[in-house]
Amino acid sequence: TKEKGDFDQVELARMMVGREIGDFYPPKRAQRSGEPLLEVKGASVAGFVQDAGLVVRPGEIVGLAGLIGSGRSELAEAIVGARKLSNGTVTLEGKKVNINSVKDALRLGIAYVSEDRKGTGLHVDLDVVANTTLANLRAYCHPLVSAKLQAKRTEEWKRDLDIRAGDLRADVTFLSGGNQQKVAVAKWLDTKPRVLILDEPTRGVDVGAKREIYNLIQRLADEGMACIVISSELPEIVGVCERVIVMREGRVMGELTGDEISEENIMLRAAGVAA
Amino acid sequence: MKKFFQDYGVLVALLLLVVIDVIANGWGVLSAGNIILLFNQNAYVGMVAVGMTFVIMTAGIDLSVGSMVALCGAVAVLALNKEAGNHASDSTAIFIACLASLGTGAVAGALNGVAIAYGKVAPFIVTLAGLAGFRSIALVLGGSGEIRSQVTSFGDLGFGGIKVGLFHNASGLPITIYWSLIAFIGTALIASFILNYTRFGRYMIAVGSNERAANYSAINTQTVKVAAYTLIGVMVGLAAFFNAARMNSVGTGSVGSFYELDAIAAVVIGGTSLRGGKGRIWGTVVGVVLLTLISNMMTTLNIDTNWQGLVRAAVILIAVLLQRGSKANE
Amino acid sequence: GGAATANNGNPQGKRFKIGVSIPAADHGWTAGVNWWAKQAKELYPNVDWVIDDAKSPDEQIADLQNMQSQGVDALVILCTESAPITPIAKKLHDAGIMIVNVDRGFTEPVADVFIEGDNKSFGRKSAEYVAERMGGTWDKDHTTLSGAHGNLVILRGISCTVDDDRFNAGMAVFRKNPKINIVSVQRGEWNRETADKAMQNILTANPKIDAIWAQDDDMALGAENALKAAGREGEVWMLGGAGMKDIVKRVMDGDKMFPADITYPPSMIAQGMAQAVSILQVGKDKALQFVPKHMMLDVDLITPDNAQKYYFPDSIY
Amino acid sequence: MKKFFQDYGVLVALLLLVVIDVIANGWGVLSAGNIILLFNQNAYVGMVAVGMTFVIMTAGIDLSVGSMVALCGAVAVLALNKEAGNHASDSTAIFIACLASLGTGAVAGALNGVAIAYGKVAPFIVTLAGLAGFRSIALVLGGSGEIRSQVTSFGDLGFGGIKVGLFHNASGLPITIYWSLIAFIGTALIASFILNYTRFGRYMIAVGSNERAANYSAINTQTVKVAAYTLIGVMVGLAAFFNAARMNSVGTGSVGSFYELDAIAAVVIGGTSLRGGKGRIWGTVVGVVLLTLISNMMTTLNIDTNWQGLVRAAVILIAVLLQRGSKANE
Amino acid sequence: TKEKGDFDQVELARMMVGREIGDFYPPKRAQRSGEPLLEVKGASVAGFVQDAGLVVRPGEIVGLAGLIGSGRSELAEAIVGARKLSNGTVTLEGKKVNINSVKDALRLGIAYVSEDRKGTGLHVDLDVVANTTLANLRAYCHPLVSAKLQAKRTEEWKRDLDIRAGDLRADVTFLSGGNQQKVAVAKWLDTKPRVLILDEPTRGVDVGAKREIYNLIQRLADEGMACIVISSELPEIVGVCERVIVMREGRVMGELTGDEISEENIMLRAAGVAA
């Protein structure tokens, strides 16, 4: 498939060049209404986040924008139990939930794809199969781990997400950034989450893979998943999200929807100039 | 080729040693009797080494196993004598002694595990403290000397086993596969099973490979670590039980000394990396056999046993150098 | 200081302080030593005893120094190893502390009193018994034993004067019996595990072994374990030493593996302590004029005939 | 407050022990005689522990020091006897023995260092091999037994030193500060100096903190590591020399056993992290004194020495827990 | 200086928003001519770079563009001896030089500020002083290390590069990404290099600090330093460099100067469409 790859790249290059954002990013989606799936209120994380709140509805793509160090990752980590929430409540489908560990979050269907792939997102010394099936390993045990089932499901994810890995038994360290990211996403999709939080999903990812990831996010949302996208790249936030929450120094500075979503409006809030 | 050596170098080394052994001592060394003897000898360290594979796989280490052997043995023999004193039948007393040994190992291991997982102290330090502490308790229990069993059949257990009528030793007697050897083989099989077919096995690998990432993957890393150290404790308890039976006593000051070094050496020779995240039980078993074979050969070749340490050092280094760069090693 | 008082006798009935430094109970015999030391302590309530056991020469040196700093008047020392403890003993002696050396001797004559089992006799008597049982016969005036034959394994103890004396005396007997084939000499360090391991390896290398001179009952038990492990316990007999009660019992019962044993009582530490007390009470300078500098306890061969005499079921050892 | 404990917890612990000691044994324990005795006793392990601080600072470890003590001592005494046999004067023979000991230590340490830096084998494994290998060579040299010096004045050196006329011990004799203690203090001072005032000291810290980054900062990390292991080798050689002198012999089978554990324990108690990148010599010295004080106190308080290991284990764990989270520890 | 900081951010936010690139990036510089300072020919790094070459003149800012994984970092690492050059020659001021270690490069005045700050660029567990003076530690020894001199020089760098670190004795891990980057740059500037290679100098760096870094690069070039900037951010390459080399799959695909330098032209070459 070398030719196909080449063709894709040419097309992509032209797209980037022409800044045809409408083509590069998936078509803008309409804003959703309906009951919130996940609601966070008055969330604080000692030293990082103060009194932050957010809401996501099924099928919605919410952007979490802000400068580096504004506490977005910390908020997300606290939501999924990887960090201690010193204050605040998390409500899922209107019911207050207690999340004290990532396992709790997993059980409730909230998944977090970390920004630090090598450090917390993946086991780079383990193979693709092991990584893809790790979070949902329980599903492969009845009661013993079925390597066959693991391989089969991983193969499916590979096809579904177009993960370019020659050997699924090779360590993920040998994959490119984009494909590593896809493995990380597959790991969490495999847990069948209802809420998916993606932290810097295109950091260190190539243009081609970036676009695939944007398409994937949209597809997941279309299937009803509630998505939160944390990103420091403004065009990405603007291009992908239909609602944007802007943070600054651990606090939520404002929320933008529809036409309000622009790099300008985000930047002004991230810098603390407008609210 | 390089990859082959990386993965199976330890087997090649074992084969080489066997060939040398055959050339030097004749085909007799391959007799069932000799082979079973070899395994019989290394069963105790073997069980400990299998457990060590687990903790090393989680990027940990356990320096306290030797002292734990003394502690478990001391508790076992004390329990045995107490039960026998209470007019329990021999087999009941022995059964309770076995439970006491395993239980003591489990508790001691769990203590290590808790200090490591929840106290967040480095495994090296925690188990260094265990090395001093467990031996100390054993010495106190034993009044600094040895604790002798008052149950003769306990001692017999140490030499009991399955008699293999087919094979005979040099004196023409049928070979016995000791219970301890059976326990070792059983331990290795169960360990392989845990490693390959259970979630716990996968979790240990994930924790050893990258603890933070394991945490972020909804794995309770603390539980996994406590379980790994508890497991090695149980295996140490098993080894201690059979060792005590074999001696029909426990020399609290000396028993188990250097087991930690032998076990770690076997694990490392077997191709498990001290960095964690990879491990293989069969490698450890081969490592244990290799180390025993060396000391066995040095005696049969009438080489001054003083050289043994140097040969052992060479084998450790060569094994690790051969396997360097393999997935399983650093 | 205490030393000065000791030199002038003990007219005021001063309380003495005596240090007892012994090896840790890493095997049966030393356990016996520890036990006897505690027994002796109870016998002299008017003396301040400082008893400490050591696992290594390092630790023993530190113990001895600590005892000095506590101002002991006398020391009763059973060395962990001979040579390493000699210099410190010399130094303490030079500092005016009276020293009673028990069993494992210093490499220089620094002790005021040296009490030991007769290790040369131990070695000779052991070897003679072994040789006799291996078919050796005495000449007519019962001075030389010769003609013994067979395969013999010798286990040795921790490197020190005791072991050297026993081994050398034994070898002197065996040298006169060239048909005794000494197939292996290994150190069992006077403990069961080491002896067991050494014996396991000896067994793989030597298909035919007639007898083992195990020198010590703990080593004998270790060797027995190895024999059992190899399924060869039927073919060998052995001679241990020191008179462990279990072994004495087996000799008494006519156990084929243990046709005899030889005494070497751990109670000699108590004797050393008693010596130290009596010397201090008399006054060191006066007492040392008549107390023998070197006391040798002879050792006895235990056979089924006389075993009853040496069997103390209530003793620890 | 927390920070204070993290940084000076080990000093507080020492102070506490001293207070207990004074309460139990009276002010006499603070006599110059007793204090110097305390230091005199721990000089040997002390020198090794100072060297250990260096290798641990580079994120390494040296398990071979105990065996190296035996090897260096064996070579020293053999050299001594040979020189004495060649009719060299006692002082010449002793001087050559000292050089032999230091040289042997340097070579053995450098071997460890080369295997670690250039062979890229984990320090734990290399020095585990050293632990077996060096002891083996020592045993071969000693014919498995002890090597006795034939030079009486060598033995005198072991208890020689500077007589401090001002202070007297319980027997009224002037206190001696042994040469070995002077060597220990000298070693500690030099080590502090190296650590704080030389490029090599900074480089060791950089290598221990992040080896790859050190490489990218134009530091020859391999040289630094070899130097650190050579340095501990020299310090081991020094300790072995004085130890041999004090015993006027070398028991090749037993001397130095467990020095590695004592030294590592002292370093860890002193607040140096096994992770590397941070270290403090004064902490190690305090750690050594603490450990010696414990065993000293247990003797004076007439506590069964069997409990010593447990107390030691507790001290190690408490020290590390107190210092956890400090810059110097993990 | 809280007010000043706030004001800066507002200004920056407006700049970003208005896409006033001319203001955000320093004014475009004229192309330099003259003798090359550093010249690399036919450089290969096994598995990463094939037959790549480049030239830098004193005072020049050369961009090294390309997709992630195109081998730019590897080429740079090979130039400074952190990686083995399997083929090719490096010429400095017309003289062929052999660089086998970072130390060799340092002696010759070639410095490389790595893209991976935590892994290879800095000792995050050491303090600012130790980091800043580490590469040039020799200069602080006569013959003993002078902590005073170290502190003094670090203080100077702090002022010069406007490193915002409260306590120079605090570990660099506590600094923000931008300030960490400045420490890494200071470490290498302290060695007084003639050639400075900056790999992804603004990765994980906040907008404010980004601009400061661009200004710094220009200032250094103006003072005569030869600068190579590796970056995956096209606007950065276009805004900062007066000559751009584009790599693709380990090979140099082309060189752009003056008006040719545009995101379009770079992208086409990086994707392998134009040369």
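So that you can tell them apart, the chains are marked A, B, C, D and E in the order they are listed, and the count of residues begins at 1 in each.
Here is the rule we use: a residue touches a chain if its C-beta (ideal position, glycine included) is under 8 Å from a C-beta of that chain, and two chains touch if they have at least 3 such contacts.
Because the structure is predicted, anything quoted here is derived from the model rather than measured.
Chains making contact with chain C as well as with chain D: B. By number of C-beta pairs in contact, B-C leads when B-C and D-E are compared. For this pair, chain B with chain C, the centres built from the Cα atoms lie 34 Å apart. Annotation: 45 Å between the Cα-based centres of chain D and chain E. Chain A and chain C, compared by their mean Cα positions, are separated by 76 Å.
Centroids built from CA atoms put chain E at 31 Å from chain A. Residue positions of chain B touching 2 or more other chains: 143-144, 305. Touching two or more other chains at once is no residue of chain A.
Shown for chain C are the residues that touch two or more other chains, namely 24, 53. By the definition given earlier, chain contacts exist for A-B, A-E, B-C, B-D, C-D, D-E. On the side of chain B, the complex with chain D involves touching residues 61, 67, 115, 119-122, 124-126, 128-137, 139-140, 143-144, 261, 264-265, 268, 274-275, 304-314, 316-317, 320-321, 324, 330. Within the complex formed with chain A, the residues of chain E that make contact are 6, 9-10, 12-14, 16-18, 67-69, 176-177, 204-207, 234, 263-264, 267-268, 270-273.
The touching residues of chain C, when paired with chain B in their complex, are 24-28, 30-31, 34-35, 53, 55, 186, 191-194, 196, 198, 200-202, 204-205, 207, 221, 225, 228-232, 234-235, 246, 316.
Residue ranges of chain D in contact with chain E, taken from their complex: 196-199, 201-203, 205-206, 209-210, 212-220, 277-278, 327.
By the touch criterion given at the top, residues 34, 37, 40-41, 143-146, 148, 158-159, 169-171, 173-176, 178, 246-247, 249, 251, 253-255, 295-296, 298-300, 302, 305 of chain B touch chain C in their complex.
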